[in-house]
Amino acid sequence: MSRKLHTFKGGVHPPEHKAESNARPVHAAPLPKQLVIPLRQHIGNPAKPVVEVGQRVLKGQLIGAADGYISAAVHASSSGIVTAIGPAVVPHASGLPDDCIIIDTDGRDEWISLAPLDYRAMEPADLRMRLRDLGLAGLGGAVFPSAVKLDPGAAHHCPTLILNGAECEPWITCDDVLMRLHADDILQGVAIMRHLLGSTEILVGIEDNKPEALASMRFAAAKLDFAVEVVAVPTIYPAGGAKQMIEILTGQQVPSGKLSTDIGIQVFNIGTAHALARAVHHGEPLISRLVTVTGFVLRPQNVEALIGTPLHTLITLAGDREGSTGVLMGGPMMGMPMPDLAVPVVKATNCILVQSAELFPPLPKALPCIRCTRCADACPAELQPQELFRFAKAGDFGRAQEYHLFDCIECGCCSYVCPSHIPLVDFYRYAKSEIWAREKEKRAADLARERHEFRQFRLEREKQEKAEKLAAKAKAKRAELAAAPAAEGAPSEADAKKALIAAALARAQAKKAEAAPKNIDHLPPDTQREIEEIEARRAKIRELARQPLESEEKP
Amino acid sequence: MFTAILVMVGLAVIIGLVLGWSAIRFKVEGNPLAEKIDAILPQTQCGQCGFPGCRPYAEAIAKGEADINQCPPGGEEGVKKLAELLGVEPKPLDESHGTPKPKSVAFIDEQICIGCTLCIQACPVDAIVGAAKQMHTIVADECTGCELCLPPCPVDCITMVPIAEDLPHWKWKAPVIMLKKVS
Amino acid sequence: MTLQEFNTIFQNGLSKQNAGLVQLLGLCPLLAISTTLVNALSLGLATTLVMASASGAVSGVRHFVPHEIRIPVFVLIIAALVTVIDLLMNAFVHPLYLVLGIFIPLITTNCIVLARADAFASKNRPLHSVVDAVAMGLGLTMVLVVLGGMRELAGQGTLLSGIDLVFGEEAKQFVLHVVPDYQGFLLAILPPGAFIALGLLIAAHNWQKARAERRVHAAAPMPA
Amino acid sequence: MIEQLKAAARNALRSGMILFVFALIATALLVFTFSRTEPTIERSRQAEKLALLSQVLPPALYDNDLLASQQAVPPHELLGTRQDSARWIARRGDTVTAVVLEAIAPDGYSGNIALLIGIDVDGNVTGVRVTAHRETPGLGDYIVRSKSPWIEQFVGKSLTAPESKRWKVAKDGGQFDARAGATITPRAVVKAVHAALNYFARNRAALLAAESAPDPAPDQETPP
Amino acid sequence: MPAPFILDRSSVTQVMAWVLAALLPGIAVYVWLFGPGILVTLSLATVTALVAEAAMLKARGYPAKPFLTDLSAIVTAWLLALSLPALAPWWLIVTGTLFAIVVAKHLYGGLGQNIFNPAMVGYAVLIVSFPLQMTQWPGPLSLTDAPLTLAQSASVIFGGDLPKAMLDAVTMATPLDALRTGLLQQLTVDEIMVQPIFGHYGGIGFEWLAGAFLLGGLLLWALRIISWQVPLAFLAGIWLAAGFLHFFDAGRFGAPWFHLFAPSVMLGAFFIATDPVSGSTTPRGRLIFGFGAGLLTIIIRTWGGYPDGVAFAILLMNLSVPLIDAWTQPRIYGGATRRGKAPPA
């Protein structure tokens, strides 16, 4: 345990509030009547439903298949009937509905047959495909598909594997409890990770406010046939940020704009390791997880909840209290308020935090920024939050980007310390989503321009070809006419031309009649007027479009 | 006195020679300003501005032949950006060219479509696929929402569907700090 | 020239495109010389005179000047006219010339003169151009006078001090001692005072404009 | 290519010719104005200088053409000068009555203060004026006549009245008044006038001689 | 409802209250050594500032309560009052405070938007406009025969000019004024320093005042309300610049210790240059900001038109803050130093 620890710049130390929930035994949540399983629970493409409404599904059955490389499957968390596939309210800051599969449970909780995987005997690529189909995704919060993270890439190995057990947000204790109870399973998962990544150094970082978890993990690690170093790290938020954890344990910083694998380090949450072990050794898909239910409830505790369980089921279990002011999913620093208690537990749900006016007093009104730079002192990404705020507020997103807006991890330290109580993180999220939207818009505009220019080019070419063809035809016809024997006196050259024009006119008229819309008789005057306006505009456009061409044709 | 005249006149002649020569020798072809304006325009190619497409409108603005407030899809924000680029005062949209509408894409009711190809000819970005006598479909990703396909359709099978806000399109709203009392 | 054209040109010069308050052109003399009302008025009128004659001259020759050498030609005309006025002032109002001193030649580089020559006179008929120049010049003079008055009043508590420089010794009686026994507020006379006073004037102008706009909005008939 | 070069050359010639014509006209205008105003300007300049001199010399003391009497004085420590300065001689009839000297007080708060000092044949000061200074506005600039009458105190003073140790500002125990908190500038002026009187006393003969300049090798003794 | 949902206890009011508290030792020493006149000045400035702040908030349509209770107006008022001569007439104090609050603070956009330190703008306006009245410094009590009581001071401040003799008796040139005057009389620094107003370092009384402000400043630093960079760099700038000149010609330039303990330096270093709103925000930027202000102070003291240069030096550096900040953006986590557009991830 002589490892030299490093520190990261910034960070804060809010009251921990861990003791409320980590002392009670873990219960399994009751089986709800209805499970709502969102198809988009992870980063990447949403899963594609593979069941139909009315179909009976078994516990653990695949109901949404992974779509593409960066994706993960979703499974039925219990047996029952699929009653709907469509939009339902999901845990998201927007409060907007998203596609879900809704299952009415039958109470029998009937499993499909499970088959463990012999991971050592499998091709790594096959194994990763299997994990993707078992729905494995990071349980720490970002929910990145684990199969992708377990791919060591071109280097074929990732020398350092870090298990993140910091759990630095206040109130949350699900990782703490998991480590106390299932240290062996977690380390089994680590063995699989080590196998896939080819790691030689394995570090487990746990904040020093969790002595029992540390002891349990150390005990389990001692039993392994490979070295796992369990390290107690100082308790400071956000030590659990992947980049911060890397810096604490190795002293290295992940270069801006790069991934940790670029410097040979991969980080997993301990919950993910546990789920991985379950998936490989038991063949179990990811259909449940540990969730901390805490805050303003009678019995704060951790529960084993099925994915898709509505939040109110868990809150009732923990003891509902009168006078709550809201419910957060996640911790108080990065969590999001829930629009509705019917939203389901998803793979990312680590904590359900019930608020009360006493525990979470309403935030004081914001004052103007006085540039005191406490935010800069607290920022673990070493940014200048006050400048980012200024740019975001002014709508100067380009400058915000220059000042590394996208290196912000939205940890909330800046907002926490701000003496003016400015909701800084909100401004950064707003700026980021504006920039994304603009990029998207710009790409769409570029595409439209390109297509329009190509069309102009094509029309021009077609017109030219047509003109050439016409000229050739006219020439041929004239030759024909001239060659024809004169019956009643030879028609002059001029007559021939006239005839040609008359023929062309007749053709054009016929064509025009053909092209005229057939549904314009007996229109209401409104529509008639509208059509006329549109016609006028089109005529004008045509007129304008012709002008430059004509002028070009002049010598 | 004579020297003064000589110096002035000599200087003038030299300057005149240099400028006259440069004016012809270093003439800049093309119009970089039109490019910049075109980059701001939304590329809807709807022709509401009175020009057949965004590029001709951009060129007209660059030449000073068109005003900056004739593009309803660009909205007030577009006018503001153009004003900033050209260093003039922004002005409200000219409503005779139309009013801004929510972003939409065209949708063809394939039950009604008779496959006349008129809309295909009207589409400025070739975002409609289909052949004569066969039903047509809009490529939603390429549709700019210009509405040019609506008038030619003989059976009125095309409707504009506003782009709904869903999760992938959702944006964080600008936070509001209420400092001032709202009057 | 119709009355309406005349009105439009004058409105532009005096208010809508006022050189001092809206276009912020030609600020160097504006700030430097507006220490007293008399100074301000004198320089304003001198500038107006130069502008009027320069615009008239530029407009008169506009058809003979190719595009690429228009700037040298305009500068030549303006510089010649300014030098003439400089010499005339030196000869006939020498005391005032001593005060306005270096700012008279500076009219040459005052961008408002060249700006009007290039933006207006080179595209319009001589009469229009002269009217425009006079309107612009008077607009600038107006701002200068208000600025000079403000600074003189705040700075030394008088108005029209130095009037004797223009009208001779006898004119001294016209000097108004608005605040007797004034301590003097030096800041107003020093350069920073010029910036502060101009800022206040611009603010007042914008405020008045915004109010007028609001009133137009309020007065607009509601669509039925 | 050749075609283009030819076009450029043609255009260059045309521009050159046009500018040539304009330059010719402008210069001609200038030459004309200059020749017409030159005499008037010269007269104004003379009048200006004379007006300044008359401020330090009572009109009763002279009837000669003061300006014509100007002569150079070599630099001297007592005058604070580093270059030649000027002196003017006042005569009444054929009698020399007074002399006007240029002097510099080198130890003003912000550098040199240029003075014009009139001294009559008996060594009495007839008047002092500040012609250039950079003293702090509002603090040290009351030495200028237009700001306060302070400078009039010197009239009638001489080397003996008051005696040398009273040639100081009141704060240092002298005869001359000074504003509280702003004594550096008046100190410098008092010292400079006193030194100039000393200079006059030493070079009286040479200074009053109508035609000859004073001793070019001034004595180096410092004043008491 | 934004995340995070919990906040640290700090607030703008708390920050400002600490600044005021840290000024108290200085004020106590002031009263003890120079008489109670400063209390009148402080009160008058405070009342004026609060009234002006309230009026401006109303005119701009802002609620009065959160902005009046943030104490920032009082901080401005106290800093200005402590920079003024304690016997300056009431209209001088009112004019300066009004200028600070109305023009320098509110016309620039109010709390957090003022690019110049309001107190220093007020001071600069006064010294430029009324240099004469800005010289009425009360002498240290140990050097004056008849110290003024609180009531007498008030009557001087409100009642207008004292008879000249009496004014001469209670006012005195500050050490900086005395040095400047002496130097202009061709005296050497050593000859000047024998005057009674000079003490061990910075002048009788003034050096103790500087010590008290230093103490308050250290308190603010210990509480992390101010950073160490600005004061240290400011003092270093003064010490090095003065030391450099003194080293070459001790007869014409004051000693570095004298400049450090002369009036207004400690106040400027710990309370004025550290004003976060108008100062630099990056660590390296703060070093440049402070050092530049110190350097300019000595340059203005030595060659400028006014005896002290702290206010002008700080205002000049305020002006350069955007440039300094843009140049000294620190490296961020992961080592991106240059300002480059990171792609939206």
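A, B, C, D and E label the chains in the order they appear, each numbered from 1.
Everything below uses one rule, namely that a residue touches a chain if its C-beta (ideal position, glycine included) is under 8 Å from a C-beta of that chain, and two chains touch if they have at least 3 such contacts.
Note that the structure is a prediction, hence the values are computed from the model and not measured.
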> Hey, how far apart are chain A and chain C in touch steps, shortest way?
Replying inline: 2
> By the touch rule set out at the top, what is the minimum number of steps from chain B to chain C?
Replying inline: 1
> Which chain pair shares more contacting C-beta pairs: B-D, or A-E?
Replying inline: A-E
>> Among all chains, whose Cα centre is located farthest from the one for chain A?
In response: D
> What whole-number Å value describes the gap between the mean CA coordinates of chain C and chain E?
Replying inline: 40
>> How many angstrom lie between the centres of chain C and chain D, each centre taken as the mean Cα position?
In response: 34
>> Averaging over Cα atoms per chain, report the distance between chain B and chain E in Å.
In response: 55
>> For chain C, give me the residues that contact two or more of the other chains.
In response: 66, 68-69, 72, 76, 184, 186, 190
> Which chain E residues touch at least two other chains?
Replying inline: 2, 128-131
> Multi-chain contacts in chain B: which residues touch at least two other chains?
Replying inline: 12, 15-16, 19-20, 23, 175, 179
> Once bound in the complex, which stretches of chain E touch chain A?
Replying inline: 1-8, 10-12, 14-15, 66-67, 70, 72, 110-113, 224, 227, 276-277, 279, 281-282, 325, 329-336, 339-345
> In the complex of these two chains, what residues of chain D are touching chain B?
Replying inline: 4-5, 7-9, 11-20, 22-24, 26-28, 30-31
> For chain C, which residues count as touching chain E in their complex?
Replying inline: 183-188, 190, 192, 196, 199
> Given the complex with chain C, which residues does chain B contribute to the contact?
Replying inline: 12, 15-16, 19-20, 22-23
> What residues on chain D touch chain C, complex-wise?
Replying inline: 11, 14-15, 18-19, 22-23, 26-27, 29-30, 33-34, 37, 40-41, 44-45, 47-48, 137-138
